[in-house]
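In what follows, structures are represented as C-alpha cells.
In what follows, chain A forms one complex with chain B and a second complex with chain C.
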Partner chain A sequence: MKKEGNFKLVYWFLPLAVILVFFYLYPLADAIRLSFTNTRIGKLDSVYTVRSYIRVFSDPDLLIVLRNTLVFVVFTVFFQLFFGLLVGLLLETQLRGMGILKVAMITAWVVPGVIAGITWNIMFSSSAWGVINNTFELFGGNRVPFMTRPATALLATIITNVWRGTGFSGILQYGALRGIDPQLYEAADIDGANSRQKFFRVTLPLLKPMLMINLVLITIATVNTYDAIWSLTQGGPGIATTVLSLQTYKSTFLRMNLAQGAVYAVLMIVSSIVFTTIYLRLMKGQDHA
Partner chain B sequence: MHKYTLPTKILLYSFFAVLLVFFLLPVVYIIALSLKSAEQILDPVHLFNFFPKQLQFSNYGAVMKNIEMDVYLLNSAKLVVTTSIGVLLAAFPSAYALSRGKFKRKNLMLIGILFFQMVSPIIISIPIYWFYSKLHMLNTYYGIALIYIAIHLPFTTFLMKGVFDAIPEDLDEAAKIDGCSRFGVMVRILIPSALPGIASATIFNSINAWSQFIIPFFLLSDNKLYPVSVGILQAQGSYQDLSTHYLAAAGVIGLLPAVLLVIFLQKFILRALIAGAVKG
Partner chain C sequence: MKKMLLLIAMISLIAMSLFSQGSEDSAAPAAPVASATEAGTPGAPIKLRALIGSWNTMAATVEDRKDFYEKQLLAWAERHPDVYVEIEGIPGGTTAQAMTKLITAALAGNPHDFANIDSQWVGNFHEAGVLSPIDAYLDDADKTQFFDFTKMVTMREGRQYGLWAETGLLLYYWNENISPEPPAVWEDVFALNDKLKKSESDMIPFLTIAKGASAAFAFLPFYWAQDAILFDPADNFRPVFGEGRNREAMIKTLNFYRDLLAAGAMPPEIISYEHNEVAAEAKAGNAASFIGGSWLLGQLNVEDWGYGSLPMYKEGVESNIYGGWTFGFLAKDERKLEASVNFVKEVYTDKEAMSERLPLHGYIPVRKDVLSSEGFNTPFYNEIFKQLEVGRARPATSLYPDVEVLVEVAIGKIVAGETDTAKLVDQMFADVSAAYNDR
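Here is the complex of A and B:
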C-alpha cells in the first residue's frame, strides 16, 4: 500500500473550515459573549455584565415560554414519530394505493413553514373560510375560537407542526422498516408468533436505532421551529404560543435588545442539549429493563 | 407478500384515509381557496364543500402586481441557484478529503460537522446581524447568499462524502496512473460518477433554500430583496380578513415549486433524506 504522503488535507478542508468558522464557530462564541453584555441594536457602547441573565431569569414570562416550549416539543415530537411510524407500517403492507400516502406526506413536509402557518391559520379561522370550525358545526359541534384562546392556539401550533414534520420522520421509519430482513418474520411465523408479538418482538426492537436517530433530529428541529409558528399565531394570544425561538426573535429584533436575545439563544442551545440527553438516557434505560 | 383478512384491511384503509386527508387537505384547500372570487369566499366552507364554483385565475395576476410577488419570486430563484451551486463547490473538496483521505479522528470530524447542522439559524443570526451591520453587509444579496451557503454546507458535505464513498477507489487509482492529479481525479472521475447523488443534494438544498425564512426575515429590511417566504408575510398583512383568496393565491405561488419538485422527483429527495439520516 502506498502512503498518502502528498495529500495535503489542510487545503482540501479550507473552504469548509473558513465558512464554518465565519458563520458558525465565531457566531456561536459571539452569541455567548453578547449574552454577557448589555448590547442593544442602534447603541454603540456596551459593557460586560451579567445583568441580561438576571433580567431574563427574573422575568415571569420566562416560565411561560419554557412551559410552552416543553409542551410544544414533547407533543409535536411524539405525534410526528407516532404518525411517521404508522405511515411507515402502512406503506410496508404493500397494499394497493398506499404509495399515495408517501407522496402526500412529503408534500406536506416541503411546504415552506411560513405558508404552512398561513394555510392552517385560514383553516382554523372562525370566518366563512374556516373549514375546521364549519365542519365541526356540520357535525353538531361547537365553534372553537382557536386563535384567541391560549390552550387551543398552542394546540393549533402543535397540529400545524405535526402536519409539516411527519413526512421526514415517516420516510426515515419506512427506510428502516424496509431494511428488516424478511427471514426474521418467517422465523417468528414458524415459532407461532401472532402479528402483535411480531410487531413488539421483531419490528420495534429492530426499528429502535432509527427511532432514536429520528427522535434526536426531530427534537432539535422542533426546538428550532420558528417560521410556521410566526405566521400562524405570531406567538399569541399574548405569549401563549411564544416558544424560545420566538422569544429570541422578539427580544433581539422587536425590543432591540441584542444581549437579552443572546441569552435566549444560549437557552435554545442548552434546551436542545437537554432534550437530546434526556431522550438518549431514556432509550438507554429501556435496554436494561 | 402478506395476506390480510378483510377486517384488517378495513382497519388499515381507514388509517390510510384519515392520514391522507390530514396531509392533503391543507394543500388542496389552499389551492381551492386561491381560485375563488370575493363573493365565493363568503360562502361558508366545510369538509365536503370547499371547491370553487367558478375558477378565478385572475387572483394570481392580482397578487403578482399588487404585492410584487414577481420580485420576490425572482429573488428566491436567484438565492436557490446561487446556494445550490455555491454549496456544492464548497462541499466537494472536503467531501473528497473525507472520503479518500486516511487520517485519525475522521469520525469525530464528521460528528463535528453534523453538530453545526443542528445549530439553528436563529442562534447564529444574532451575532451575524451584529457583524454584518459593522461590515455594511446587511441588506445585500451576497451577504444573504453566503449565509444560505453556510447553513446548507454541513449536510451537503456529509451527503457528498457518502456519495464519493460509494464510488470504487480503483477508478481513482487508474486515473492517477494515467497522470491525473488529486484535483483532476475529483473533477474528472468522482464528480461525473456522482451525478445522481449531486442531483439529490441539489434538489434537497433547493427545497430548503426556497423555504428558508429566518435568515432573510431577520437580516433584510429592504423589501426589494425579500424572497417569497418573507414577502408573503406582506400578503398576510395586507389581505388578512379582507381578501383571503389573494392571500391563498400568494401561498400557492410559494408552495407550488416545492410541491412540483416532490411529485416529479420524489426518488431523489427520498435518497437524500435516507442517506443523510442512516449514516448519521
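Here is the complex of A and C:
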C-alpha cells in the first residue's frame, strides 16, 4: 500500500523533474561543458581544452571585474534590504498615501532593467539635460561627472539597482510584517517596552527568516544583473563598472567567444553559491542561538 | 463517455481546420500583398524567408519610407507572382543578438533564405561558410558599379556572396561662426581649443563618439590614415595592430585622445556619446566642432555648419570609414537563391531602387552610377563621393568585434585616467592574438 503511494508521488513529480532536468540542469551542465572548450559562435568545430580558463584567469582585468562585482553586490544588497525594511515599516503604518507608495515601489520593480538604465543615464548626465547635476547647481554645488569617473560611475550603477530592487524587498518585508501577531506588541506594551525595544526585541527577530530569504533572492538577482548596467554605463569608463554578468554578455554576444563567456558564467555560479552558503550558515547559526 | 465525446470533438476540430486549409488552396490565386511581415503572392510555389532590418521594411516609422517600401514590394510582387516572402524584422539596437541568432540558425541548417547583415558581421558569416555565391545572378552593372570597398567585404576568393545595400561614413562638422576655416590637422584642433579658452567661451572645441561599436568606428580613420592595418588579409587575417608601424600608429592615435582630454579640448563625456548625442550638443550650441555620421547633416542648421574631411595627424592625408548593411544569401536551393537575389536587387540595390530609397533614409549610395547621376549632383554628395575614395570598410574577419570592444575599453580607460597608451595597445594585442590562436 505504502509502495503504491510512493509510486504515485513519483508519478506526480515527474513533469516537474523533467522540466528541472531539461531547462535548468542541462543548461547548467552545458555551460560548464562549454567552458572547457574553445567554442566561438559561428564555428562548428571546437575542441576540449582548459585554455579558456587560462585566458580568463591570466586577464589582468579579471581582478578589477571581481572587485567591481563584490562592491556592486554588497552595497546593492545592503541598501535594498535596508530601504526595503524602511518601506515595509512605512507601509505597515497604514498612513494616508501608502497605496501610492505601494504602486510606486512595484512600478520601480517591474520597470525593465534597460529602461531603468537609460532613465538614470539621462538623470546622471553632465549635459544640460542631467536633472541631478542641474539640481546640484541650483543649490550652489558643482556638476559631478558621474559617468566618467570610475568611483562615481560604480556609485551610479549601485544607486540605479537599489532604486530598482527596493520595491521587491519592501513588499516582501511588508508581507512578513503583516504576519506578526499584534498580540505580541500588546504583550510588549504591558511589559513597558518602548518603540525601540519593540522593534529590536519583537519585530526584527520575527522578520529574520524573511530577511534571509530576501537576502538570498536579491543577492542572486544582483549577481545576475547586467541589463541596467549595460544601458547605464556599458561597463565603463574602461571596465570600471564591468561586473561578471556584463563580462559574460560581452564575451558571448559582442566577442562571440562562447567558451570564455561560459567561464565567466561559471564564475557567476560559484559566486552565487558562495554568497548563498554564507547566508545559509548565518541563518543556521542564528537558529541554533 | 466524456472521454469519447472529447475525442470526437478534437477529431472534428482537426478535420475542420484541414478542410478550411484545403479550400483556401483550391481557391483562385490570391492578390499580391505587401506588409511589414510579408510580400508577394500568398500560396506561390517559391516561398522565401527573409530577415530584414525593420527600418528597411514597411515597419519603418517614417511615413514616406513606409510608402516607398509598399510601392516597391507591390511592384516586385506583380513581376514575380511565383514568389512569396515571409519577412522577419530586426528591431533597431539588436544587431548583435540578431546576427548571433542568424549565424547559429545557419550552422544548424535552418537559416533565412536571405538576410540583412551588418557589414562588420559579414566576416563571421564568411568564416562560418554559410553564405552562397551569387555571381550567376548578377549582371554587369552589379559587378562593376559597386565601390571597391564593398567587394572587399562581400567577395571571397573571387566569388561574390552579398550585395551592399547602403552605407554611412564619418564627416567632420564645424560651426562656421566659430571657426570659418576648419581644423585640417590635429594641431589645429588644439589651436581651436586655445582660441576658445582665450575668448573664455564655454563651448566644447571638439567632440567625437566613444560609446559602443561607434567608438572604434570614429577611432579607426585616424589609425588607418597612418598607413596602418588591423589584420593582415594575406595571412589569414592575423592580427597585426600590435606590431611595428601599426603599433606606433595605434599608440599615436590613443595619445591624440589622451592629449585632447588632458588639454580640455574634448570632454570625458564622449564615452556616453553616440552619433545622436554629439548632434544634440551641436544643435544646443555647446560644441564648436564634432565628428559624426554623414546622416547627421539633416539635423543641423546648414547655414551655420560646414562639413568635410576629418582632421588628420599631418597635412595631405585623408581617411574615412564605411559602415552600413549588406544583404547576404543563405539559401542553398538554386531557385530560392535566384528569387532572393532578384528580390534584393529590385527592392533595394539596383540603380533605380537605390536612387530613390537612400535619400529617404539619409544613407549613402554605394553604386558609382547612382552617385554620379543628376539627382546626386549636390555639394553634399560631391563631398561624399570624395570621401568614398579615401576610406576603408571594417575588416571582414570574425575577430573585428574583439577589436571593436577593446578599442572602446581602451578609450574608456584613458578617460578614467590611464596614461600609458603603449601598455593599453600591448594588452589589446595580446588579447586579440590569443583569440586568433585559440580559434
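Please note the rule applied: the second predicted complex is superposed on the first by the 259 of 289 C-alpha atoms of A that agree within 3 Å, B and C clash if a C-alpha of one lies under 4 Å from a C-alpha of the other, contacts with A are read in each partner's own complex, and residues count from 1 in each chain.
The working rule: contacts are C-beta pairs under 8 Å (C-beta built on N, C-alpha and C of every residue); 3 or more make two chains touch, one makes a residue touch a chain.
It should be emphasised that the depicted structure is a prediction, and the values quoted were computed from it without experimental measurement.
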Original post:
With both structures lined up on chain A, is it a clash or a fit for chain B and chain C?
Top reply: clash
Original post:
Which of the two partners, first being chain B and second being chain C, lies in contact with A:Ala128: first, second, both, or neither?
Top reply: both
Subject >> Which superposed partner A:Leu172 touches (first chain B, second chain C, both, neither) >> reply: first
**OP:** Quick one: classify A:Gly238 as touching chain B (first), chain C (second), both or neither.
**Re:** second
**OP:** Scan A:Arg149 for contacts with chain B and chain C and give back first, second, both or neither.
**Re:** second
Original post:
Does the superposition put A:Ile190 against chain B (first), chain C (second), both, or neither?
Top reply: neither
**OP:** Look at the residues of chain A and decide whether chain B or chain C touches more of them.
**Re:** B
**OP:** In the overlay, answer first, second, both or neither for which of chain B and chain C A:Thr119 touches.
**Re:** first
Original post:
In the combined picture, which part of chain B sits where chain C already is, 114-122, 132-140, 186-194 or 204-212?
Top reply: 132-140
Original post:
Which chain A residues lie in the overlap of the chain B contact set and the chain C contact set?
Top reply: 41, 127-128, 253
Original post:
For the complex, which residues does chain B have touching chain A?
Top reply: 1-2, 4, 9, 12-13, 15-16, 19-20, 22-27, 29-30, 33, 41-48, 50, 89-91, 93-94, 96-97, 100-103, 113, 116, 118-131, 146-147, 149-151, 153-154, 157, 182, 207, 210-211, 213-214, 217-218, 228-230, 232-233, 236, 241, 244, 247-248, 251, 254-255, 258-259, 261-263, 266, 269-270, 273-274, 277-278, 280
Subject >> Residues on chain C engaged by chain A in the complex (per definition of touch) >> reply: 96-97, 100, 103-104, 107, 124-125, 127-128, 211-212, 267-269, 271-272, 277, 280-281, 284, 286, 398, 401-402, 404-405, 408-410, 412-418, 427, 431, 434-435, 438-439
Original post:
Once bound in the complex, which stretches of chain A touch chain B?
Top reply: 4, 7, 9, 11-17, 19-20, 22-24, 26-28, 30-31, 34, 39, 41, 83, 86-87, 90, 93-95, 97-98, 100-108, 110-116, 118-120, 122-123, 127-131, 134-135, 137-138, 163, 166-168, 171-172, 175, 210, 213-214, 217, 220, 223-224, 226-227, 230-231, 245, 248-249, 252-253, 258, 261-262, 265, 268-269, 272
Subject >> Residue ranges of chain A touching chain C (in the complex, touch as defined) >> reply: 38, 40-44, 49, 51-52, 55, 59-60, 121, 125-128, 145, 147-150, 234-240, 250, 253-257
